[in-house]
Each structure stands twice: as C-alpha cells, then as structure tokens.
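First chain A sits with chain B, and in the next complex the same chain sits with chain C.
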Partner chain A sequence: MSTRLATAGRLLDRASTMEFTFNGKRMQGHEGDTLASALLANDQMLVGRSFKYHRPRGLVASGAEEPNGLVNMGAGAFFEPNQRITTTELFEGLAAESQNHWPSLEFDVGAVNAKLSRFMPAGFYYKMFIHPRPLWKHVYEPFIRKAAGLGRAPTEMDGSSYEHFYAHVDVLITGGGIAGLAAALAAGRAGADVLLVEQTAHWGGRAPVDGAQIDGLDGDTWVKETVQALESMDNVTLRNRTMGTGVYDHGYALAYERLTDHAPDQDGPRHRLWRIRARQIVTATGSIERPLSFAGNDIPGVMLAGAVRDYAVNFGVSLGDRTVVVTNNDDAYRTAITLKDAGLDVPVILDARPTADGSLVQQAREMGIRVALGKGIAHVNGAKRVTGVSICLQAGEGSEIEEIACDAVAMSGGWSPVVHLWSHCGGKLIWDDAQSHFRPDASRPPLGADGLGFVVPAGAANGAMSTAEVLVDAFQAGAAAAKAAGATGKTGRGPTGDTPKEEPMAPVWLMPQGASYKLRSKMWLDYQNDVKVSDVQLAAREGYESVEHTKRYTTLGMATDQGKLSNINGLATLAGALNAPIPAVGTTTFRPPYTPISMGAIGGEARGELFQPLHKTPMHDWHDANGADWEPVGHWRRAYAFVRGAETVEQAVQREVTNTRENLGLLDASTLGKLIVRGPDAGKFLDMLYTNMMSTLKPGRCRYGLMCTENGFLSDDGVVARIDDDTFLCHTTTGGADRIYAHMEEWLQTEWWDWQVYVTNVTEQFAQVAVVGPNARKVLEKLGGMDVSAEALSFMDWADGTIGGFDCRVYRISFSGELSFEIAVPASQGRAFWDALLEAGAEFGVMPYGTECLHIMRAEKGFIMIGDETDGTVIPQDLGLHWAISKKKDDFLGKRAQERDHMTDPTRWQLVGLETTDGSVIPDGAYAVGEGVNENGQRNTQGRVTSTYHSPTLGRGIAMGLVLHGPDRMGEVIEFPKVDGTSVKAKIVNPVFFDPEGEKQNV
Partner chain B sequence: MSNVTSALNGREVTGVTTIREGGFRGMITLRGDLSNANLKKVCKAVTGVDMPAQRGVNMHGESGLAWMSPDELLLLVPHDAADESVAKIDAALNGTHYLAVNVSDARALITVQGKGAREVLARVCPADLRASGLPKGEMRRTRLAQVPTAIWTQDGDDFAVICFRSVAGYVFDLLANAAKTPGPGLL
Partner chain C sequence: MLTLECPYCSIQADETELHAGGEAHLKRETVGSLDNDFEDYLFMRENPKGVHFERWRHVAGCGKWFHAARCTMTLEVFGTYSAQTLAPPKDLREKISTKRPGWTWRAFS
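Let's look at the complex of A and B:
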C-alpha cells in the first residue's frame, strides 16, 4: 500500500494539515502536497478508469506528463473536469471526484469492455460502426457518447475571472529547473530583459531530488541562492506556476499562469495568459521519463522510477513497501537507492542490459540491493493493485524464471527531452542513438523574420542528461540568447556540476524482446486511450506506415496528455513493426498548448459585459430608458421598436408605422456610415466605385448610389452628397461603414495610388436623426432656424444651417416615402438635439421609431435593403435597379462581371412584390414551389421571399421576393409552402405598394 | 454649451490606477503631404508645436500634433477651437490636395493615471509598453482588446487613450476591470 513516510518530504509543511475529499471520502494532506501525493499518502492508488476499456488506473507520473490522474473538481460555477492531480496543489477543502466510471470507481460496468478487448482492436470504431449506416446515428453514437469521455461538462457559467497580459522581453526562458536558472543567470548578467517561467510552484526542477551537486553545494541550496541572485537583478523577472505553453512565429509565445488554483479564496483572476513577444526564447523544458512496455504495465502500482523518487523525496510518500525496479539505464538506480535509504525494501533491480557497472549500480550493490542483469518483467500480477512480478530473460520470449511479491514497480525506459516548445514553430529534431531519444537539432531552429533562429534549447531539453552537462549547455544557451537579443554585458563563469559516472542505456521497446501476442496485448503504450503494443503492430500490418496515420487510427497520443509518455514508445514500436529505423518513422507533430489550458484563460477578459464591444450612439441611453427592444446591427445595438406600456413588440412596430405615416416619427440614424471622399479625382473615383454617375452630381445635391464588388454582386448602397467640387460625403449601410472605408482605401492604395483622393471615416462625428412624416417640416419650423421649405430645400437637396440653435446639416432624403429630413449634428450634441425634437414634436404627435418600422415603410415603398434583398449572389439587375446603372461610363467595379452570360441569363430570379391572397404574412425565407421535382427528388423552386411584413398601412401581408421571370408574371399567383405543411398563396405585383408617384415625400 | 454631452459624462474610477474620461478635446484629421511647408506652418500655428517625427506626438497643454501615418496627422486643440482650426487649415492649404476634418466628436479621450498604469494597459494592449517601448513623445496606434485606439504617455504613469466615441464605454470598462487587480509587476 502507498503511505506517508515518517520523514522526508522537502516540499511539505508537515505542521500544516489540510482536509480534502475524494469521491466524497474525507482525507488529509499537508501544505505543499499535490492532490496526487496527498491521495497516495491516503493509500488511494486507484484514481480513475481508462477511456476505452475502463481499466483501473493509478498514477504513473508526478508531473505534467501524467495520463491517468484526471478528476472533476469543484462544484457549481467552479466545477471543472479533467484536472490533472499531479499538477494540482492541495488546498483546504478541495473536493475531487474520479472520472469515467459507472457506477463507482471500484466497480465499473464499462470494464466489461476490457473482457471484449479482443473484439475492439485498433481502428475498431472505423471498422465496426460504418455499416449499416443508419445505426451510427441511432444506436452506436449515443452508446459511445455515454461510454466514452472523461470528465463531465460543466452546467453553469464559469464563476472565475481571467486575464491576459502582454509582455515584451529580450529573452523568455521556459522552465525553472537548474537549466532555466543557469540560462537566466547568463542572460541576466549579460543585461538582457529576461522572463523566466516555471510551471510548478517550485524552482530547481528535479535536480534536488536526483541529488545534484552544483558549485560544491547540494541542489536545494544552489537553487535557493541562484533564485535570490536572479531576484536581485532588475532586468530579470521570475514567475512560478506559469507554464510556457506555445511558441509561435515572430518570437510570440504563450505562458499560462495559475494565480489562484492553489488558493481559490484569493481575490483576482484565476488564470493569466501571458502573451509574450520575445527576441529569443530558451526552452529549458527538461525531459520526461519513458515507461517500459511489459505486460501489465498499466496496473495501479506501476510507476515511472523518477516519479517514485519524486513522491518519496518531495512529499515523503512511498508507493509501496516492496518496490521492484525495472530499467534499461543507470538513472533508475537512484530510485532504488532513495527507497532503500528511506528504509523501504527493494527486492530486486531488473536491468535489461546484459552488463551494468556505473557508479550508481555499484552503490546499489554495495547497499545490498539485488541487481538482476539481462532480466525483465514477463508480466505484472494483480488487478487493481500490483501484487508481484514474474521475471523473465529480456532476450527471451517471456518464460517465467521467478515470481517476486511486491506492491510497487518502478520502471524506467530512459528519458526523452521535452522538445515540444522547440518544435511548435518548426524546430527540427535529430535522433540520438546513444540516448535513444529525439533531441533538438541546433542547426535547424525555428526561424524568425530575419532568417535566423529565435529558439535556443537548453539542458535536458537539449539532450544534456547529466547535471554537469546540463549546466554547461544551459549557461551557454542563456548567453547565446542574450547575445542574439542584443545584450552586450559579460556573463562571467557559469555554474559547474558534479555527476556520478553513468553507463549508456540500452534501447528496450519491448520487454521481453520476443514477447508473445498475449503479452503484447497487455502492454500499454497510451494509458488514457488504451492503446497497446499489439494495436500499433496491427495498424502496421494493416498498412499504416505514416506515424500520423497510425496515431489517428489507433488514437495513440490523442488523449489529453497528448502522448507525452506514449509518443516515443509508440513510434519505436511502429518502427519495429515496419522494420524501419526510428528516425525514418519520425514523430507526430507537436502542437501547442504543451498541456491543456483553461478556456477561460484563452478568453481572458472577454466575457459578460466585455465579451464584445457594443457600439452605442449618442442617444443610446435615451433609447434604453424608453422601451427600446434591441437588435444587433453590425456591432451596434439599434432599437427594433420602442415598446410602450403593455403592448407587444409587434404592436409597437405597427403603432410606429401608422404614427410616422400620419404624424411624425424620429429615427436614430447615427449608425449609418459616413465617409468623406476628397480630392481633385474624387468624382472619378466615385464613378468607379458606384454603378451610377457621381461626378455629375451638383454641390448641394444628393444622389442614391449602388456599390458592387468586382464580381458584380451588390455590396452596399446609400446616399451620396456633394459638399463642394472636391468633396463628397458617402453614406453607407450601418454594417458597411468600416468595410466600405477599407474597400475604398484598398483601391486607392493598391490600384489607383496615383489618383488624388483622400478618404476618411466620419461616421461617429455625427449624430443623425431622421425626422419623418407629414409633420416633419412643422417641427423643424417650430424649432426655428434655416429655411426648410420645399422651395429652399427640395427633395434630394442638402444644406448646412442651424435648427433650434444646433449646427446641423440637413439632407432632404427619404427611405420611408414620407416627407423626411435627415439631420446631422455633432455627436456631442446628439442627445440634446434628440430631446429638443421630442419636446418640440409633442404637439405634432412625435414618436421615435425603430428599425422594424423603418423596414416596413421601405418595403411598402419597394426600396431594397442590403442584406435582405441581397445576399452576396444578387446583382442590381436582379432587383430591377437598371436605372441606377450607368450606361455612359466606360467602367465601374462590377461592370464587366455583370456582362458575363450567367449574369445576363434571363432565368435569373427577379425582384417582384408579393401580396398574399388571404392577407397573411409569408414566413421569412419561404420558397415558391414550381412544377415537378429535381434530380434529388425535391420539389422544384421558382422563387424565394427576401423581405416579408405585415403592412399596417395596407392592412395585409406584403413581401418582396426574387421570382423566376417575375416581372413578366404580374397578377400570377404562386405558392409558398410553410413548415407546418400548409401553404400560403401570393399574387405577383409591383414591389412599390404605397404611393408609387412619390406624392407624399415630395411636398 | 449646455447642449454638449461627452461620451461618458465624466466617468471615473479611482484607485491605485485611476481611470477617468478625459473630457472634450478638439481633434482634426489632416491628410496631405506632411513635408509641405504651408502644411507645417499652419499646423504649428494651430497647435503651437513642431511637426513630430514618425510615431511621434508633440503636446503643449491641450494642443498637440500626432503622427498617424506617412500622410496623416492628428491635430489636438481645445474642443471649441476645432472648427475654426479647420477653417485656418482650409485657408492655408487652399489649392493643394489635402483633407482636414473635425473628428472631435467621433472620439473619446480616457486617461489612465497612477502607479500600475502601464500594467493596466498591458492587460488589454499588445503594444510594447515598457518605458523603452513607448517613451514620452511617442503615440502608439494599437488596440485595446477588440477596438482600435491610440495611446501615449503624457508623463511617466500618466497615459491618455483615444478611442471611438461609440465604444468609449467598452474601453472604460476594460480599463476599470484591469485596474481592479494588480498586474504581475513586470512594467
């Protein structure tokens, strides 16, 4: 059983006891524990179930590479699944539940899958669930969704807050082990701005655990002194609990700081995502130990040798009383020595190598530990816990020589440099035969904009495996990075380490090397996703040669740990099956993030009120206080209608239409885009942008214009006012302001760069109010000021002046068919102007109206709306807008496209009005059906509705739509099926339903 | 003039770092040939300061000149002087190709002042906000979270932010939110 030792635990504060629960069971740990070490201290060896077979799972590792120890944590708004217990610091009151089991962790029904594992080989899903097709949706998928998956999805909105922080540094160093510290020393002394980040709460990495001696000091002392030295440098910043998660182009990197995960009661953001621009990045990310592939290597109690040592030294926790060590290298002997020193029993060290005589090996022998050379594990005995191992010859096929009782197995298959961050942005790897691992190829780093490398690997992450090598390599890396970043100071002498002499490791990818199928099908490569040696071998036999394909076929490395333990073992197994050298098989792609980070951190502050910038007009607050029913238009909120008292939104809309047609309406039109186009070539420029002629417009006059894309499709529309000979003001749609401004700049900068035209966006400079209705002139005359009579300001005129003391520009334009003035005042005066109009308009029946009223009134008049009548596939000719397309101009954007034969095809659907025969409203987006069926057996269509409303003016449903040969079919009745199975019939009519002569607007 | 309302009605949140609406300011977008002698002369006459270098901003009281792009300047003047300043520019540059527009009301001005101001901004701004990255005398056209802005330091930890008027509330809330907690202490 696993338990807390009486002594040891360099990270623990034994005086401080913390209570926590696991699956509701109360347990105790100490300050400094991880949830993993605290669980082990309470003999909780079983921490979860695997994804596919629901096998019992215990801890394998002690850090970020842990595949099994994932739990649901917290509750309600603070619930979060898939929390890795090896990187979760214990806190008082922590509540965790294991995942992926039913009904309980101890007894799991899904474990029957394991019994069926012969029938669930690699690619099982692909093979099994493809036929018969309908079963996937109705049978297989619901079943798999219930059976698979890890943690539960949260049900409430996240109660924590998050933030980003943008940092610009000379040198970013990821990893605060002795390599990172040594690199920071060098770079800091050289004078570079240094940011050093470490994913855990502690500096020094695993060197103190491994008994490193540096500059004559023990590891802990050297780390403490070095951290103090770095903290005293103004140009060096240290952040622990901060993981370097990704390296991107141009020296961009992300780091993930966990501010309050260890102290949830603390105020402030939970996570901080660092968005870093670094001139140089040093990856001092250490290395990860590899498991060995022997049968039963997934039984709880089998753990990486380094992790066994970590738990003992850092947390004073033993995995078991009797631990068998199995290895192919010298490093694992440290574990045996550590355990023996702690008073625990190590019955045997199984060393797969035929010979071993390094200094650690000698030390183990001298301590009386039995060392069995050339031996391996045939299989581990036990189910939910290790009860013993059967020993075999590594060179053989797995015949048992001896059985040894034990309750833990410490395994080591060698160490792989953490090359993730090096690789994210294109750093290449080379295969190191001596160490049997991939390490960074320093001659092929990720390249920056200058063609030079911007990432420098350091220490174990660069394949330096001993303390002495690590320090030399990392100090050099820090100095090189600082120099490349432009720092010129002297770095001085670097730290030096002492290392016991170690003998080479031996590659062992299968234990024993001639293992039978039965054994191979119990050798786990990927613990979380249940991928075994036999699965990868099957994939190879089925023709999967590419490691990327094999990964996806078998799901190797596709779990939340992203194959940190399984990657190298899996591809070595694949290489073995393909009879190819490992470097020829290569690795899968390393992608950020290094370990999963919270979605909250990615979103940062962008949630709730700050989720998206809400654009507000100067009158927004009035609308908000006066019943505005909001709708999003572009990034603006516009009032859809102003609801009064108990009326419904629909009733409000009808009231607004009637009132505007009979009395006086006010519309906040401030959101319409307003672009100033100025210069000697402005007229020529606008002639190219609009389909109609703008250069002939007289100062003081307005003209409606259409803009098309190069492909001829209608893109935007609006009224253009000529201010003076050189200056135009172009109105765009609300959503089109930024887009059309950019469109203009693009043409000016890339195509017509020699034309003398300047454009600027003045949309927000003005508050604009449409004063609309038979009483419109009366209210303006009451306010007093400029002459707004029909004689002084005729339809499509504009003029500057004052009204009611406000400086304004008045456009006599109408989108409603009523007498209408659109009045622009400086935005800072918008609210006061609005208030003045309401006050003066009271006697004339003034009511503000919203966008739906605007839509109905324009539809009654047959005016098109960008986004309703257009959808990116509609050309002006489809909408009967030939009158707005100049035939005199040699060219305009879209002209040539509109001459293509598809665009001139007479069968293109054309705009018409639609009047329902029963007065009802056609559903939005409805299609008109035609005769017969198409090749898919669907009813043929002959048109569709683009806008549809109930017109209070006409007392019936009206619509606009695009219909095959529509304008030639006036009076014909067509049928629009509805989703409820019934149909509505509509007569094809002229789209101008109301006041076709324009008598009302022209008074 | 009582008819005039600023975007945020003078909102402020005080603390270690204080966020405050900067009130009214006259702003003029001027596009043209920045090497033109008449243009330089009228800019100096209107603002009282010399032409800034690339990315530069020269301020004197409420007035100043900011370099926006190779053919664009932002002129800062008292709010009620904007229209007359445009008129002066029009008079001075008559006959040359240029564009001068009063954009005072299209913008809002927000100040971020006090210890930690750089780190409040760095929570939402991707620009280099180290004293070396954004020294006094430079204006940075950048973004705060999701909207475009221009920022500059008036003196040390005394920053000014210009954004569009319609999103002034968003920018203020962003900064006030960031100012609630201390930054990491890097800047």
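Let's look at the complex of A and C:
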C-alpha cells in the first residue's frame, strides 16, 4: 500500500494539516503536498479509468506529463474538469472527484469494454464508420457517446477572473531547474533583461531530488543561494507557478501563470497569461522519463522510477513497501537507493542490460540490493493493484523464471528531452543514438525576423543528461542568449557540478524482446487513450507508415497529455514494425500549449462587457429607457423598434411605419458613417470611388452614390454632400464607416499618392436625426431658426444654420419617401436636440422609429439596402441602378470589371418587386423554382428573395428579389417553396411599391 | 506572430497592430486593358517559397501603408519601405542578394 513515511518530505510542512475530499471521502494532507502526493499518502492508488477500456488507472508520473490523474474540481461557477492532480497544489477544503467511470470508480460498468478489447482494435472508430448507417446510428453511436468524454462540461459561467500581461524582455528562460537558474545567472550577469519562469511552485527542478552536488553544495542549498542572487539583480524577474506554454514567430511567447489555484480564497485574477516578446528564448525545460513496454505496465502501482523517487523525497510518500525496479539505465538505481535509504524493501532491480557496473550500480549492490542483469518483466500480476511481477529474460520470449511479490514497480526506459518549446516554431531535432532520444539540433533553430536563431536549448532539454553537463551547457546557453540579445557584460565563471559516473543506457522498446501477441496486447503505450503496442503494430500491418497517420488511426498521443510519455515509445514501436530506423519514421508535430491552459486565461479580460467595446450614440440612454428592442449593427446597437406598453415588437414596427407615413417619425441616424474628403483633387478622387459623377456636384447639393470594389461588386452606398469646392462629406452605411474610410486611405496612399486629398472619419463627431413625415417641416418651423421651406431648401439640398437654438446642418434627403430632413448637430448636443424634437413634436404626433420601420419604408419605395440586396456578388447593373453609373467618366473603381463577360451576361438575375398573390409574407431567403432539375437532381432555381416584409401601408406582403430576366417578366407569377413543403406564389412587379412619382417627399 | 518595422513610425510593430494587404507592386489595369491582363491584375498572385514583397498597413498605429520584403519560408524580414514607390529600393534589393543570391520576384532581382 502507498503511505506517508515517518521521515523526509523536503517540500512538506508537516506541522500544517489540510483537509480535503476525493469522491466525497475525507482525507488529510500537509501544506506543500500536491493532490497526487496527498492521495498516495492516503493509500488512494486508483485515481481514474482509461478512456476506451475503462481500465483502472493509478498515477504514473509526478509532474505535467501525468496521463491518468485527471479530476473534476470545484463546484458551480468554479467547477472545472480535467485538472491534473500531479500539478494541483493541495489547499484546505479541496474537493475532487474522479472522471470517466460509471457508476463508481471502484465498480465501473464500462470496464466490460476491456473484455471486448479484441473487438476494439486500432482504427476502431474508422472501421465502424464504414459499416451500414443504421448499425452506426442505433448501435455504435449511442454506445460511443455514453463511453466518450473525460470529465463533465461546466454548467455555469466561469466565476473567476483572468488577465493578460505584456512583457518585452531580452531573454526569456523557460524552466527553473538548475539549467534555467544557471542560464539566468549567465544572462543576468551579462546585463540582459531576463524573465525566468518555472511551472511549479519550486525552484531547482529535480536536481535536489537526485542528490546533485553543485559548487561543493548540496542541491537545495545551491538552488536557494542562486535564487537569492538572481532576486538581487534588478534586470532579472523570476516567476514560479508560471509555465512557458508556447513559442511563436519572431520571439513571441506565451506563459501561463497560476496565481490562485493553490489558494482559491485569495483575491485577484486566477490565471495570468503573459504575452511576451523576447529577443532570445532559452528552453531549459528538462526531460521526461519514458515508461517501459511490458505486459501489465498500466496496473496501478506501476510508476516511473523518477516519480517514485520524487514522491519519496519531496513528499515523504512511498508508493509501496516492496518496490521492484525495472530499468535500462543507471538513473533508476537512484530510486532503489532512495527507497532502501528510507527503510523500504527493494526485492530486486531488473536491469535489461547484459552488464552494468556504474557507480550507482555498485552502490546499490553494496547496500545489499539484488541486481538481476539481462532480466525484465514478463508480466505484472494484479488487477486494481500490483501484487507481484513475473521475471523473464529480456532476450527471450517471456518464459517465466521467477515470481516476486511486490506492491509497486518503478520503471525507467530512459529520459527524453522536453523539446516542445524548441519545436513549436520550427526548431529541428536530431536522433541521439547513445541516449536513444531526440534532442534539439542546435544548428537548425527557429529563426527570427533577422534570419538568425532566437531559441537556445539548455541543459537536459538539450540532451545534457548529467548535473555536470547540464550546468556547463545551460550557463553557455544563457551567455549566448544574452550576447545575441545585445548584452555585453561579463558572465564570469559558471557553476560546476559533481556527477557519479553513469554507464550508457540500452534502448529497450519491448520487454521481453520476443514478447508474444498475448503479452504485447497488455503493453500500454498511451495510458489515457488506451493505445497498446499491439495497436501500433496492427496499424503498421494495415499500411500506416507515416507517424502522423498512425497517430490519428490509433489515437496514440492524442489525449490531453499529448503523448508526453507515449510518443517516443510509440515511434520506436512503429519503427520496429516497419523495420526502419527511428529517425526515419520521424516525429509528430509539437504544438502549443505545452500542457492545456484555461480558456479563461486565453480570453483574459475580454469577456462580458469588455469583450468588445460597444459604440453608443448620444441618444442611446434615451432609447434604452424607452422600450428599444436592440439589434447589433456593426459595433453599434441600434433600436429595432421602440415597444410601447403591451404591444409586440411586430406591432410596434407596424405602428411606427403608419405613424411616420401619416404624422411624424424620428430616427436616430447618428450611426451612419460620415467621412470628410478634402483637397484640390477631392472631386477627381470621388469620381474614381463612386460609380457616378461627384465632381460636378454643386456646393449646397447632395447626391446619392454607389461604391464598387475593383472587382465591380457593389460595396457601399450613401449620400454625398458637397460642402465647398474642395470639401465633400460622404455618408456611408452604418457598418461601412471604418471599412470605407480604410478603402479610401488605401487608394490614396498606394495608388494615387500624388493626389492632394485628405480623408477624415468624423462619424462620431455628430449626432444625426432624421425628422420624417408629413409634419416634419412643421416641427422644425415650430422650433424656429433657419428657413426650411421648399423654396429655401429643396429636395437634395443641404444648409447650415440653427434650429431651436442648436447649430446644425440640415440635409433634405429621404430614405422613406416622406418629407424628410436629416439634421446633424455636434455629438455633445445630440441628446438635447433629440429631447427638443420630441417635446416640440408632441402636438404633431411624433414617435421615434427603429431600424425595422426604416427597412420597411425603404422597401415600400424600392430603395436597395447594402447587405440585403447585395452580398458581394451583386453589381449595380443587377439592381437596375444604371442611372447611378456614369457613362461620361473614363474610369472608376469597378468599371473595367463590369465590362467582363460574366458581368454583362443577360442571364444575371435582376432586381424586381414581388407581390404575394395571397397577401402573405415570403420567407426570408426563399428561392423561386424554375422548370426541370439540374445535374444533381435538384429543382432548378430562377430567383431569390433579398428583402421581404409585411407592408402596413399596403396591407400585404411585399418583397424585393433577384429574378432571371425579371424586369422583362412584369405580371408573371413565380413560386417560392417554403420549408414546410407548401409554397407561396408572387407576382413580379415594379420594385417601387409606394408613391412612384415621389409626390410625398417633394413637398 | 510577426513583427515588422513601420517605416513611418520606426517602431517594431506586432502583427496584431498591422493589416495585411497582399502582394506589393501590382500595376493597376483598367479600362482599355485586355481581358487576360485585367484578370491577371485582379486574381493572379505570386506564391513564392522564399523572397516575397507584400503590402501592410500600420492600422492600429499611424495608419500608413508600407511595403515589406520577407522570406515566406523562414519569415526573415529583409526590410520595410514606403508604399509610394514602384519598385523595391536598390539597397534593399542588394541586401536580399547577399542573403538569397540569385533571387527573382516578378520583374525584380
């Protein structure tokens, strides 16, 4: 059984006891524990179930590479699934529950999948997809859905807060082990601005656990003194609980700081995402131990040898009383020695190598530990816990020589450098035969903007596998990074380490070497996704040669741990099956983040109201207080309608249309884009931008204009007013202001840069109110001021003046067909002007109206709307707007494109009005069907609806649409099928439904 | 995330401050051009593995358009320069030649 030892625990405060629960069971731990060490201290070896077969799973590792220990934590707004228990620091009141089991962790119905495992081989899901559809739908899918998924999705909005933090540094060092510290010493002394981040709460990594001696000091003392030295340097910043998660182009990097995960009651953001731009990045990310592939290597109680050592030294926790060590290298002997020193039993060290005589091996022998050379594990005995191992010859086929009782197995297949951050942005790897691992190829680093490398690997992450080598390599890396970043100071002498002599490891990818299928089908490569040696071998037999394909076929390395333990072993297994050298098979792609980070941290402050700043007109608050039914338009919110009393939104819209046509309506038109175009060449410039002629417009007059892209497609429209000889004011659509402003700048700066024109976006400088309806002039005259008579201000005139004491500019333009004045006042006066109009308008039946009323009134008049009648494929000619396309101009944007044969094709659908024969409203987006079917057997179409409304003015459904040869087919009835299977018939009519002579607006 | 130096502000701008504007040094074809020439202007773009010339706008900064010469393979930036020119500056072309001998791009080399 796993238990707390009486002594040791270098990270523990034994005086402080903390209570926590696991699956509702109350347990105790100490300050300094991780959830993992605390669970082991309480003999909770079973922590979860695997994804596919629901096999019982115990802890395999002690850090970020742990594949099995994932739990749900917290509750309500603070609930979060898939929390890795090896990286979760214990706190008082922590409540965790295991995942992926039903009904309970101890008794799981899904475990029957394991019995069916021979029917669920590699590529199971792919193979199922090709079965007949009913079988898939009724048998496999419900089964897989029930079985799938780790954890539960939260049901409430995240109650924590998060933030982003920007940093610019000379040298970013990721990893605070002795390599990172040594690199920081060098870079800091050289005078570089250094940011050193470490993912755990502790500095020094695993060197103190491994008994490193540095500069004559023990590991803990050297780490403490070095951290103090670094903290005293003004140019060095240290951050623990901060993981370097990703390296991106040109020295961009992300780091993930966990501020309150270990202390949830603390104020402030939970996580902070560091957005770093570094001149140089040092990856001192250490290495990860590899499991060995022997049968039963997934039974709880089988753990990486380094992790067994970590739990013993750091937390005073033993995995078992009798631990068998199985290894292919010297390092695992440290575990045996540590356990023996702690008074625990190590019945045997199984060393797959035929010979071993390094100093650690000798030390183990001298302590009386039995060392069996050339031996391996045939299979582990036990179900939910290890009860023993059967020993075999590594060189054989698995015949059992001896059975040894034990309750834990410490395994080591060698160490792989953590090359993730090196590789994220293109750093290349080389295969190191001596260590049987991939390490960074320093001659092919990720390249920065200057074409030079910007990432320097350091220490174990660079394949330096002993304390002495790590320190030399990392100090050099820190110095090199500082120099490349421009620091010129002296680095002085680096720290030196003392290392026991180790003999070479021997690659062991299969234990025993000639293992039978039966054994291979019990050897786990990927613990979380249940991928076994036999699965990868099957994939190879079925023709999968590329590691990227094999990964997807078998799901190897695709779990939340992203194959940190399984990748190299899987690769080696595939290479073995293909009879190819490992480097020829290659690696899968390393992608950020290094381990999963919270979605909250990625979003940072950008959530809720801060997600996207809202544009508000000066009258916004009035609308909000007076029944506005809001709709988003660009970054604005506009009132769709102003709902009164018990009426519905639809009833409000109909009322607003009728009132505006009969009395007086007010529209907040402030959101319309307003661009000032000024300069001696302004007229010439606008002639290029608009399809019609703007240079001939007289000061004091307005003209409606169309803008096209160079492709010829209609892009925006609006009324242009000529202010003086050199100045125009161009109105754009609400959503188009920024886009059209950028469009103008682009052409001015990149094509006609010698033309003397300036453009300024003044959209938000003015509030604009459309005063619309038969009583429009009356209310303005009542307020008093400038002459707004038909004689003084005729249709399409504009004038400056005052109304009711407000400085204003009045445009006599109409988008409704009614007598209409659009009046701009300074934005600061907008609300007061709005209030004045409402007060003065009371006797004339004034009512504000919203965007839907605006839409209906313009549709009744046959005016097009950008985004309804246009969709990026429509040219003005499609919309019958030939009158707005100048024939006199030599050129304008889109002119040449509109001459292309596809644009002049007479079969392009053309704009018409549509009047339903039964008075109903055609559904939005409906298509008109034609004769026959196309080559896909679908009904041919001959048109589509672009705008459709119930017109209260006409008391019937009206629509606009694009129809094949439409303008030539007036009076013809066409059919629009609806989704419910019925259809609606509509007569093709002139799109101007109301007041075609314009008698109402020209008064 | 790239960084490019805005030649107007002389600051090293993050990609998020910039707006990518596609290929640089396009010659506008318009009324009177042949269909093929006009289609080339509208649609045909270089897609090199190596030296490339692009338009960028410092949209969250000074608002100016500028040109950048960079390597699409390594993301090395050879230089940035004014958009108000018909060809890459000579010194920039020479700099590229020292780093990528024998490079060509459209009519330039």
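In this section, the second predicted complex is superposed on the first by the 989 of 1003 C-alpha atoms of A that agree within 3 Å, B and C clash if a C-alpha of one lies under 4 Å from a C-alpha of the other, contacts with A are read in each partner's own complex, and residues count from 1 in each chain.
Convention: a residue touches a chain if its C-beta (ideal position, glycine included) is under 8 Å from a C-beta of that chain, and two chains touch if they have at least 3 such contacts.
All values derive from a computational prediction rather than experimental measurement.
When the two complexes are overlaid on their common chain A, residue A:897 makes contact with chain C while staying clear of chain B. Counting residues of chain A touched by each partner, chain B versus chain C, the larger count belongs to B. In the superposition on chain A, A:742 contacts chain C only, with no contact to chain B. Of the two partner chains placed around the shared chain by superposition, chain B is the only one that A:676 touches, whereas chain C remains out of contact. Using the contact criterion defined above for the overlaid structures, shared-chain residue A:760 touches chain B, although it does not reach chain C.
By the document's definition of touching, of the two partners only chain B reaches A:827; chain C does not.
In the superposed model, A:277 lies in contact with both chain B and chain C. Within the superposed three-chain model, A:614 lies in touch with chain B and out of touch with chain C [touch as defined at top]. Shared contact residues of chain A, touching chain B in one structure and chain C in the other: 277. Across the complex, chain B meets chain A through its residues 1-7, 24, 29, 31-32, 71, 97-99, 101-107, 119, 122-130, 133, 145-147, 164-167, 169-171, 173-174, 177-178, 180-186.
Contact residues of chain A toward chain B in the complex are 163-168, 193, 195, 237, 239, 257, 267-269, 272, 275, 277, 604-606, 609-610, 612-618, 636, 676, 678-680, 756, 758-760, 762-766, 805-806, 826-833.
Remark: chain C residues 1-4, 14-15, 19, 21, 28-33, 35, 38-39, 42, 55, 57, 59, 63-65, 71, 74-77, 83-84, 99 touch chain A in the complex. Of all residues in chain A, those touching chain C in their complex are 248-252, 277, 447-451, 710-711, 742, 745-746, 749-751, 753, 890-891, 895-897, 899-901.
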